[in-house]
Amino acid sequence: MILDILAIAAHRDDVEQTCGGTLLKMAERGYRTGILDLTRGEMGTRGSAEDREREAAEAARILKAAWRGALDIPDGRVENTWENKLKVARVLRELRPRVVILPYWKGRHPDHYTASTLGYEACFLAGLKKAVVSRQSSVVSEIGAPSIQQSACSGDAIASTGEDARLSTDINSADTLAPHRPFKIIYATLYYDVRPTFVVDITDQFEARFQSLMAYKTQFSDQEAGKDLFPAKREIRNRVEAMARFYGMLGGVEFAEPFLQKEVGLVDDLMMVPVKSI
Amino acid sequence: MILDILAIAAHRDDVEQTCGGTLLKMAERGYRTGILDLTRGEMGTRGSAEDREREAAEAARILKAAWRGALDIPDGRVENTWENKLKVARVLRELRPRVVILPYWKGRHPDHYTASTLGYEACFLAGLKKAVVSRQSSVVSEIGAPSIQQSACSGDAIASTGEDARLSTDINSADTLAPHRPFKIIYATLYYDVRPTFVVDITDQFEARFQSLMAYKTQFSDQEAGKDLFPAKREIRNRVEAMARFYGMLGGVEFAEPFLQKEVGLVDDLMMVPVKSI
Amino acid sequence: MILDILAIAAHRDDVEQTCGGTLLKMAERGYRTGILDLTRGEMGTRGSAEDREREAAEAARILKAAWRGALDIPDGRVENTWENKLKVARVLRELRPRVVILPYWKGRHPDHYTASTLGYEACFLAGLKKAVVSRQSSVVSEIGAPSIQQSACSGDAIASTGEDARLSTDINSADTLAPHRPFKIIYATLYYDVRPTFVVDITDQFEARFQSLMAYKTQFSDQEAGKDLFPAKREIRNRVEAMARFYGMLGGVEFAEPFLQKEVGLVDDLMMVPVKSI
Amino acid sequence: MILDILAIAAHRDDVEQTCGGTLLKMAERGYRTGILDLTRGEMGTRGSAEDREREAAEAARILKAAWRGALDIPDGRVENTWENKLKVARVLRELRPRVVILPYWKGRHPDHYTASTLGYEACFLAGLKKAVVSRQSSVVSEIGAPSIQQSACSGDAIASTGEDARLSTDINSADTLAPHRPFKIIYATLYYDVRPTFVVDITDQFEARFQSLMAYKTQFSDQEAGKDLFPAKREIRNRVEAMARFYGMLGGVEFAEPFLQKEVGLVDDLMMVPVKSI
Amino acid sequence: MILDILAIAAHRDDVEQTCGGTLLKMAERGYRTGILDLTRGEMGTRGSAEDREREAAEAARILKAAWRGALDIPDGRVENTWENKLKVARVLRELRPRVVILPYWKGRHPDHYTASTLGYEACFLAGLKKAVVSRQSSVVSEIGAPSIQQSACSGDAIASTGEDARLSTDINSADTLAPHRPFKIIYATLYYDVRPTFVVDITDQFEARFQSLMAYKTQFSDQEAGKDLFPAKREIRNRVEAMARFYGMLGGVEFAEPFLQKEVGLVDDLMMVPVKSI
Amino acid sequence: MILDILAIAAHRDDVEQTCGGTLLKMAERGYRTGILDLTRGEMGTRGSAEDREREAAEAARILKAAWRGALDIPDGRVENTWENKLKVARVLRELRPRVVILPYWKGRHPDHYTASTLGYEACFLAGLKKAVVSRQSSVVSEIGAPSIQQSACSGDAIASTGEDARLSTDINSADTLAPHRPFKIIYATLYYDVRPTFVVDITDQFEARFQSLMAYKTQFSDQEAGKDLFPAKREIRNRVEAMARFYGMLGGVEFAEPFLQKEVGLVDDLMMVPVKSI
């Protein structure tokens, strides 16, 4: 499986909240997108890791992701260790994305900002020619979302073709994986008050993106008696919509998702620079 | 004359130092570009306003600008007054550019940073529907670069077509000019230590841009006996090249010019975002 | 008329978009609030200055403002001149507010950011003991919203009592106005991407604040045939709501308005500091 | 023991230099305050860990702290490890403070800035419902300041009542501690050049706060022959006073301590916002 | 009179509060220093312009300034106009300082921050070769502090020598003044919360600097009956001392004054870079 | 061996790119300079660790460094661990530099920014009086550049004298090393877009500095057939020169290297402050 774009996040349901609309938009353009969740959500207040795996698979289907996997890093304890960097680097060498989306490097949840540094350093490590990353010890397949991965491998609409698999084989030796460094790393941020470098218009993807979040039924519905399900959902809807609309306004569109990049931009045609100045 | 892009600067030879390569690149893409110099350079240590007018026309020819004009604002005394805003707004309503390039809003020379604010507020004023800007009192024609303007009006390769002139007539009444607000305002900066929002690759335009600067013979050659012309030119060359190369490195190209914008960006396709991250 | 809080803005309908909910909330707490519009809106694309005066009076009624006036500064041409500073200072000495709300010092519209500096410098001038500001030449009464001002003076529910009028007389001599410097100056900002110092919860005032904006019928309804009134209104509603909800999320409430102050804060009781950290 | 406010710092005598006045002020308002020193000071140039324990107890008495403890993290080697996070989280679950004061996240001493991150991540961990933190393995009691803790437990003026102890028992099971996440986390900074979010007026507490610092006799007096005790003390006095006065000036009071928070503020009443603007 | 260093400020007694110690230190090193007050203090609450002129002369004597003058710009109304720029440029061309000290470009008092921009633009104007600044119309001599200026001209200890006067004559023609642009412009700031670029150790000058401030008897003593003179003075002393000590601590000395510069530094010898890092 | 200045970097050839000119300039002034490479370059795409050791020795000779060593930290895996801090602290206690140059704390390569934190914390640790750092376990000698170290020890032109060796012995006991904390820590940065605190003029050292970089033949020449050596070298030359010239322009010299420091500056004489303002 060779991907164009891989979003890495700490928890299942993170990408749905930060860059789900963008992932869907890119998939609709014909790119192969993927999601790597560093943990499996066993520390969540509601639901088990198994519940979340099913929900994550459903969300990935809605977002038309070609691949989704999870690592065995403990939920609530994402640490920027050498072992964790190797785990992520292995996935990067296997999937070989051109673009990697990471969480913003500041945030409320330590797992989020640590995932940002961990992901960045794994991108670096994956590209070091002399760094040997064993193929066998990959733990992704054990914890991935097999239904998606399989359908992807068996050639469904959003999956890679056999050529890519051969390419992958050619690039990598029997036991180790060939180096790969993503071309572009961008950062998605979930309502932390930072000015984005750019936003992506997700007006057409907004409803599906919201549905992908709602796929996490154990998280976003309230099973206890005495609670009214719909108001809670409406509150979430209101907040998600306000956020997307706020970033939309910054970019002159209805709904958008915000991103940061560390590099300066490169513009080819001044007449094509979007967003009205005045 | 209807323009696509108009660069506004305080002094003749300013745009040659900040965004000349970009203007040329855009002209080579088929856009009509123009240059508005707010002053005529009468305070320069070397040469007269007439010398600079001739040089500016030559530089405009090298940069393939479709139009170049100068206002009668005193050199060394660019002030953000209502009268000056009207003068600039009149030019904006006549030329109706989609993109306006202004100087950066900080700088060493007061004329530069004042030109930035003056240009911005003129863009705003030009777009106010109820602001009446008289056509007759325009002073541009008196101080413009007639040779260029005429050739432009007589329909040569880089000039506007008759349709545009008619359009201009249609839009504007006999005595006043129809409102026009540029879509995009960007800021060009000349080695002030600020991180640009984006750079424009001018590798292919770099030599011509340097020649446009050298067209200012009264400024960049040393006529006094006892001075060696070439070392001075070589020093200028070294500095101009180092600057363009430095900004080129930020964008992963050989030579570039830096720009800022106040808006956030809007990206349509993550796979197309340029500049390597890692 | 002595006020507790005075909001100064460039245009009628500005405060309704930035701090209307806060003004209403303060009025509901029993404070006397006022609005000074620097211009009368004659440059607006739709409607006349007279239309806007009527609308502003209605909006003030909805926001329970005890006073609203407008100066004769030309719309689209707010300049930070000595004369304009005197005009604003005169109002400040008459109304003697403890808190002044100004527009944020950056923005898209030159009138907005100039009003910020003009308002600040007028606050300073109003407090200079030796600065003589003549009572007679006040232009406020000529351009104010008489219906409001009169009702205020005749003692209706939101107006000041006679005691305040006497106090005002005592403080000021027959011909000049006694110095007054506001204690606190804060800045309200309308969706410019800056992190606020604090937000004010306007959950309970949000609907009325939206109605105060809708009172500007010439601005926010579309009278032309072939346009559907309601979708336009719904679009405005969506944007206003998204903004208020976004700032609400920053402060942990449903709807809020953002403000900046230049001073550091002073906290008396750590247990009372609001907004959850984690 | 249930606390209202807990200050966490790397070394004994840190809180006395950053937020001692604020802790005392809060205690005088009737809140129960506590101090957690991550290390025991064994690396200090002067005095032993036992000396510092006695001094810390005396300082806590002066600051009217209801509780003071120290962890067994090595002095000079505060690391942000999982084990250390568990140690701090255990204390947080036992003491259940609403407000936690951490050191600023930048600084000269690595222990200080690491304590900031460690403390933050421990606050997060302590609130994770599924994170099991064993009650038995707590090391606090071994290294705490027993005299204070006992007096606190035996119900003296500043200690918690028996009700709190029962509450603590109710919340926590026999072997593990119930989750607790502080509502508010603020950061105290010791003369690092950063603009504080707010300051706390400690004019009335300044002298006692200085005495709490002087309680560290091994640190702030000079036992060697040939040195004059008083000038050294006077020098410290001068510096401590200048710092408190400087931050006092920012807030318009005589002496103050500076704090940062990451959240925006939330203001209820504009007329109550302190600190004169102009 | 040729100066080495000229401090420009809006009001008499400003330099005494921001850079008086530095001016004295430089004078003690043998440099000729001067002070240009843009206004004459007629708006001050206490005392007349004549009182302040006498006090300013006394303060200048204490600070060993070789020259002090005042312009006729109205107090409380420092504006950045062409006329005011010419007035300051004339002084700069006459005194020809290498270093100019301006107020910081932000501040509470509009006169202060406007003086910063005005002073900067006057430095620029003074250096334009083709800008003709008439000698005759200089208003400085009318409003200067004659007693100081005369003693300086008659060659006392702190004054310039006759050679400089001749040089001045040589440089300037009968009617106009030769161009002069200061080499270095730095900014002094009075307790505004900004991090300085560098501080100057004024430990040895601190007492004299304080006396120069106390020379403004109309400002810093309280003549009204029922007020105790000394506590007020002690309060001022406390604040001035705290400020100087705070900035001293940043630089590792006892008392210091803070400055900003816009340029990057240039260091010749790494072993000589002062201020301990750790 | 006692050094004046020690540059610490992650990889052999790092200092040649960031501060090599400055090191040479300082050596030419008579200071003893040294270079500590944290890793030995075994992960580099071209060449072995042994190749790089020879090249590093040659580069050190060109830069006239009195000492160069490398630690056994794995290339591509510089981690901020206690063990690594001890390794660096041991070197610091042995070489006792007054000035330490570290990499900038942000960057593209994780080894670079981690080396910055690691180096800083090692400086802190080296100065803790009670931190015992064993002399025996030093790994520097095993991996150092013996040829340089020996020549330095045998007293050649750039080496320390016997007095220093005795001093070193006196300071340190038989088995442990005496504490040492550098006075000054500065940060060198390689074309990351940050504004430097100061630059160092390396116009006279530029050519030698470039030669020191070219000494890394395995890195900067292309041995494969079919590649032209000189264009590649010319490209490197162009980039290195552009960078040095850009920073030179900021400081008003031809070539310069940029540095940051965290402290404010301390200026003794305003007339000596370099870099023209205007």
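All chains are identified by letter, namely A, B, C, D, E and F, in their written order; residue positions are counted from 1 within each chain.
The rule we apply is simple: a contact is a pair of C-beta atoms (placed from the backbone, for glycine too) under 8 Å apart; a residue touches a chain by one contact, two chains touch by 3 or more.
Small disclaimer: the values here were computed from a predicted structure and weren't measured.
Chains that count as touching both chain C and chain F, per the definition above, are A, B, D, E.
One finds 43 Å separating the Cα centroids of chain C and chain D. The distance from the centre of chain C to the centre of chain E, each centre being the mean of the chain's C-alpha atoms, comes to 39 Å. Under the contact definition stated at the top, the residues of chain D that touch 2 or more other chains are 120, 124, 193, 195, 250, 264, 278.
This structure has the following touching chain pairs: A-B, A-C, A-D, A-F, B-C, B-E, B-F, C-D, C-E, D-E, D-F, E-F. Residues 42-45, 76-77, 79, 109-110, 193 of chain D are the ones that touch chain F when the two sit in their complex.
Listing the residues of chain B that touch chain C in their complex gives 82, 120-121, 124-125, 128-131, 264. Against chain E, the residues of chain D that register as touching in their complex are 108, 191, 193, 195, 238-239, 241-243, 245-246, 249-250, 278.
Taken in their complex, chain A has these residues touching chain B: 4-5, 22, 26, 29, 31, 98-99, 101, 120, 123-124, 127, 181-186, 195-201, 250-253, 256, 258-259, 261-271, 273-278.
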